[in-house]
Structures are given as structure tokens and as C-alpha cells.
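Before any comments, here is the structure.
By written order: A, B, C and D. Residues from 1 in each chain.
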């Protein structure tokens, strides 16, 4: 177990906490993909699953925060991989080819918040949002979307 | 504007049509984006405990066979189009029951950007059944009230409009 | 999934109504989700999950409403799992506020959630019986489900939407009379559940339709983020009740049910075993309900502004792990961000790979075994490319092989 | 599965009553404290509008009490909460949040009808009518 956490702390720039007691590892956006690649190589597919992808718009800092909530198995501990993207150009490497379970999360985050996952062929507008909003280029969950 | 004679004739004719429906109305259940609460109550209302087949009420397999459209759920933008299309496909005379707060007025979702709100914004509704979700008894009550209105020819048929 | 076989049929399954609570915003659907099945003769070669449906924008709606109004909106994301939704949101707020409800409230919360689990598992098993053409069993299970609904009504005051959770406790208490009545209903229900479980174990029709259909290996489960009974049916032990030990789950004894078969039948059996487990938990709670004060907080005195911070609550809903992320900026009475991830969002969208190789008639069975929340499936459109025809069927007819 | 004994089963089922309830002909008993319609008791209401602010569905509108009704002295704004039952989701947030506990709760549910349904009639029946 400790070795999995070591892997996360290796990439971490900073460690934080989300209540209740979920450790947050803040890492650089370009390190997200190598981190999960290492995790799969060293511990295998059955050692974790990605539960949720949460994007939060932070217009005050000009950033979009992207959190991957990862559940480590078999001890079922939830940890958070957090990264900050530039709000004007939110681009990050996709994980969909190595962890297929992020398919729904990435499509949804793209549709609602406008984060572009480089290399994900399934991204499209209208995954959730109705087309009249999608055509205007509005991302509903951005704070200045006005919907 | 119709003359009085004409409208009286029409109402007599319509009453004859309604009588026929009254004996065995076939329901068509359509979900426009509900949370499922109303759907399981509609489903519960057709199970043995409540058994609306006593009144001849039956779920229709297709919209073309339906007499009464049962709408549940807040009408989302895309579902609104479908709802209108579905309503136009129904044979006359046709009636609509809105089940639950969401179908009646949008409920808690009325202010969302993707929701038109109640079903009456899209199609004419004949009976509103409030509740979140209404009990199966309340749904039966609504159906029986509609049948009563039909037998007294007190609801107008919206077909000609 | 690229395949050099010829595609002769395309089957579209619009999950027309509800739930497949897909969603983040619990996009409510109508035209909610389209399962596009490409078939070679009878064999499925490719499945596309098409999400061209609408959502209700619950996450945005939550940002526009106050914390307290959101409790009721969260309960209305999904009607079948409303108490778990409300519980998860309320606990996320409690983590921020550092409030802990008293023991009686924690026990009562578990009671409400487990009653909901019983009725939800019963309904999906009933639907499964209907899909495979066993209509009598459907009617029987639905009749017995009414007992649970009555118990829920006694406990929460409404048959379906309980609105039972409140920050710091629950919204109504039960007295001795109600306790005895709920107990009585559940004791009568228990032999029936055991009987249905036996039917699912031994009945030939069900075994022939369910066994070896929709196989999922453990590695598929974790890499595709599948949760709940689907994961447990494949031997992956994911149960946030056991790991997070929220509310009173640390004191109430229960077993986490896992099975190793990984097919549709295993998933349904996991559900029946969990129903029995939940029933025993309810009886245990009714027996040992602690009496340490009033579980109902005074809603007039609760704090209106939630302190700054983030919290992430997990709950084991009937269909799997449900998570709420709540962020408060500490200044207003509105949450800054609410993120909802419902279990079916993972289970339905990510599971398209499972159908490949099945025969068409097995698709509804495999789909139902994921518990996409009932009444969803009304019609199936079959496009026959050889004859260039298009016709509509009910899902039941598809399961009956009328393609 | 063990084969059930046919004769026994038939006899059992012949003696059994049908499970169906006779709903519209006989009212089925509902729980007395199940959440049916609620309305404001105007003799207690102070017109503070808290319920209207807290309602998750915005079903409550503060409405002036019409002419011809005795208005209690503690209601200076002369308004009362009018609940639109078509919007109401029956969560009873208003009942619980009311500072003077002015809401009357019932278990009545059969209020379906062809028109808009609200609590005007129920609420106004709690105060006396004054002539003129």
C-alpha cells in the first residue's frame, strides 16, 4: 500500500486534504499521464479505479482545477490527483486509451466545462448539453456562462 | 366562431366518442425527463394491488393505440419537441394527464437552463395530478376523475384547434 | 472493436424514460441514452452508447440555490435512490460543518437507506423477470414490494421521495408503535424474499436466460470503473459501506456479498443476497435502536453559511458508489461547486464493450442486469440492412427473440 | 425446484382473497402523518415570507389577504403564503422552518383536477369572514 502512495508523492508538488481525510496530491498537468502509466505498470489494472473527474472553474485565479478521484483497491482508499490548467487554454493529455473508465468523465467535463483532452477521439459537444446551448459555444458550468 | 347549433351538434358527437373511450381508455406513459419517482409510481399503479384494469385502463403498446397520454417529469428542451410530435401522432379524441409536480409545472427543476418546465407549455393538459410523487391512489383518482369528466362531456376535445 | 464481419442489423435501443441516471446532471433523459447495437445476423459486433439526450442541469441548479434548498434538489436527482442522494449531500455538508448526528439519527438514516435498497433491488429483479418473459413473477414481486413501500411510508412520510435527511440528523422520529409495525411488515417479507431468491437460483427459465450472459472479468471492472453489484458480481470487492463506514455502518453487522461468476445471473443473485442482508440490518436496527436523545434537529437553528472548504462524500447506493463533491467559498449561502457522479453514469456508459459477442436477444438481459433503473426501456428499433426495413419492437419482444 | 403440490395450491388460492384494493369505491387508509397537502393557518401567520424564500420549488407566493376577511393584528403586511400545489413538492420545508408553526398539515392527497390548484380556499377557511 505504501508503495502506491509513494508513487503519487513522487510526482506531487504539494500535498493537501479534502474533508474527510482524502489526501490530495497536486501535480503538474503534464505528469498526470505518466503517473497513471506508472501505476498500471507497477501495480496492474486491478489495483485502482478512477471514480470521478471533477472540474472546477476558478475565474479569480484564471485557472480551471481538474481533480481525478482515484480509489485504491483492495483497501478502498480514496485519494485525489489534482492539477491546474490555464483557463483560456485548458488542455491536458487524455487517459482514455490507458484507463477506459475515464470515458464518461472526460466527455462530460469537456461538454460542461470546455476542457480539451488531447488524444481523446470521442469528445463532442452535445454529450449532455442541449444543442442550442452547445452551438453558442457556452460551457454551462463556467461561472461566466450566464445560463 | 361556431354557431350554437353547430357547436351543440359537435358536442353531442364528441360525447358519443368519449363514451367509447370511457369504457376502456388505453394509457400511454411518456417520460420527458423525470427522476423516476413518478415512473415507479405509475408502474406500481398497474400492479395487482391497485389494478386499474378494473376500469378497463390498460397500458398501450404504441402511441397510435393510446387514448390518454400520461406525462411524467420536467419537460426538457429536447423532450419538448418529442412530446409535441407524440401528441400529434395520437388519434383523436385524445387526452393528457400530467403526473407529478415536475410535469405539472417543472417542480424544483423549473429554473434550470435545459428545462422548459411543465407539460402544459407544450401540449394542452386535461388533468393535473399534484404530488412528488403522487401516490398510486392519487393517480387512480386522477384517471377516474378524467373518466367522470368524459362521461359528462365536460372536457373539450382539443383536436380541432 | 473493429471487426471484419459484415454488419447486417442495427438495433437502436432508446432508453426512453428515466433513469439511467446518467448523470452528472442526471441528465434526465428522454431520449436519454441510445444504445446503438450493430449486429451480424444474431451476433452483436459493436455497441455505441449515444448520449444525445438532455440533462436537467442539476449541478448548475445547485450552484444557483442555497445549501438547504439543494438538499431537496439532490433528493430529486433520482427518485429510486433519493435517500442515498440526500444522505450523501448532507454528509458532505456535515464534514464541512464538523457536525456529527447522534446515534439514533445515524441508525434511522441507515434504516431509511436500507429500506430503499430492498425496494430498489426488488424492482430490478421484477423487471428482469418481465424481460425474460416471466410475467407472473414480475407481478408477485411487485405485490410484495408494496410492503416495503408501506414501511417507507411509515418511516419517512412518503412512499418514494422520503426527504428524510437533514443536516445533523433526520426529519422525523419513530415511536414504538411505528417500530412494531415496520418490524411486522419486514418479518412477513422475509420468507417471500427467500422464496424469490430460490426461484432465481433454481428456475430453469431464468437460469437458461441469465447464466453466462454478459460476462465481466475483474480487470474489465476496474479498468472501466464499474461499481456496485456489477463489480461485486465479478468478485471485485467495492463497497463504500464497509470502507468508509459512514453513519452507523461501523456498528451494524453486515456482510459484503461478492460472487465470482461475473455474469448476469451472478449480478442478480448479488442483489437478492444484498436484499436479505439489508433486511437483517433493518431488523437489527429496529431491535437495537439507541435512545440517546432527539434525532430531529431544529431546522430553524441550523447555520445558514457553511464554512469554507471542500468535501467529498461517498455512499453505497443501490447501483453502486455514488459520490458528491461540495465546495463552499465560505461567504455566501450558495455552494460554489457541486459535483454529482451517479453509479449508472459509469455502469451504463462505460460498459459498451460487454455486449460484443452476445446474441441480440441477450442484449436486454445484459442491460437489465446492470440495473439501468427500470422503466427505461420501452422500444427497440431494428434496422435490417439486408431487407432494408425498419421496425419497432418492445424490449421484451427482442428478448423473446423476435428480431 | 421441488414440484409444488397441485391440489393443495389450488385449494389455497381458491380460499384467498384477491390482493387488489377497491380504491375509488373504498378509500384506502393512508398513514395519518404521511405528507399530504399543507396550508397556512392565517390566525397564526405573521406574513414573514421565510417559507417563500426557503421553498425549493418556489411554490409559495406571498399574497395579500382579500377584502372581507378578518385580518389578525400580528400580520402587519396583511399577506399570507399561497401554495401552488402544482409546483409544491411536499417536502414540508415550509412547515419545519416556520417560526410560528403556522402550517396545518393533512394527509389529503386526492386533489387532482383539470385546473390550477392552490391553497387559497383552505387557508382562507381558517379565518372568519366579516360581512361588508
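We take it that a contact is a pair of C-beta atoms (placed from the backbone, for glycine too) under 8 Å apart; a residue touches a chain by one contact, two chains touch by 3 or more.
From a predicted model like this one, the values you see are computed outputs, not experimental measurements.
For the pair chain B and chain D, chains touching both partners: C.
Between the interfaces A-B and C-D, more contacting C-beta pairs are found at C-D. Averaged C-alpha coordinates give centres for chain A and chain D that are 45 Å from one another.
Taking the mean of the C-alpha atoms as each chain's centre, chain B and chain C sit 28 Å apart.
With touch defined as above, residues shared between interfaces to two or more other chains in chain C number as follows: 25, 27, 53-55, 57, 60, 72-73, 76, 143, 161. In chain A, the residues touching two or more other chains are 129-130, 140, 147.
Residue positions of chain B with contacts to 2 or more other chains are 48-49, 76-78, 107-108, 111, 113-114, 132, 135. Contact between chains, as defined at the top, is found for A-B, A-C, B-C, B-D, C-D. By the touch criterion given at the top, residues 29-44, 47-49, 61-62, 72-74, 76-79, 82, 107-109, 111-115, 132-133, 135 of chain B touch chain C in their complex. By the touch criterion given at the top, residues 76-78, 113-114 of chain B touch chain A in their complex.
Contacts from chain C toward chain D in the complex involve residues 65-66, 68-70, 72-73, 75-76, 143, 153-154, 157-158, 161, 163, 171-172, 198-199, 202-203, 299-300. Against chain C, in their complex, chain A makes its touches with residues 18-20, 22, 45-52, 54, 56-57, 67, 69, 71, 73-78, 80, 99-105, 107-108, 112, 126-130, 140-141, 147. Across the complex, chain B is touched by residues 129-133, 140, 147 of chain A.
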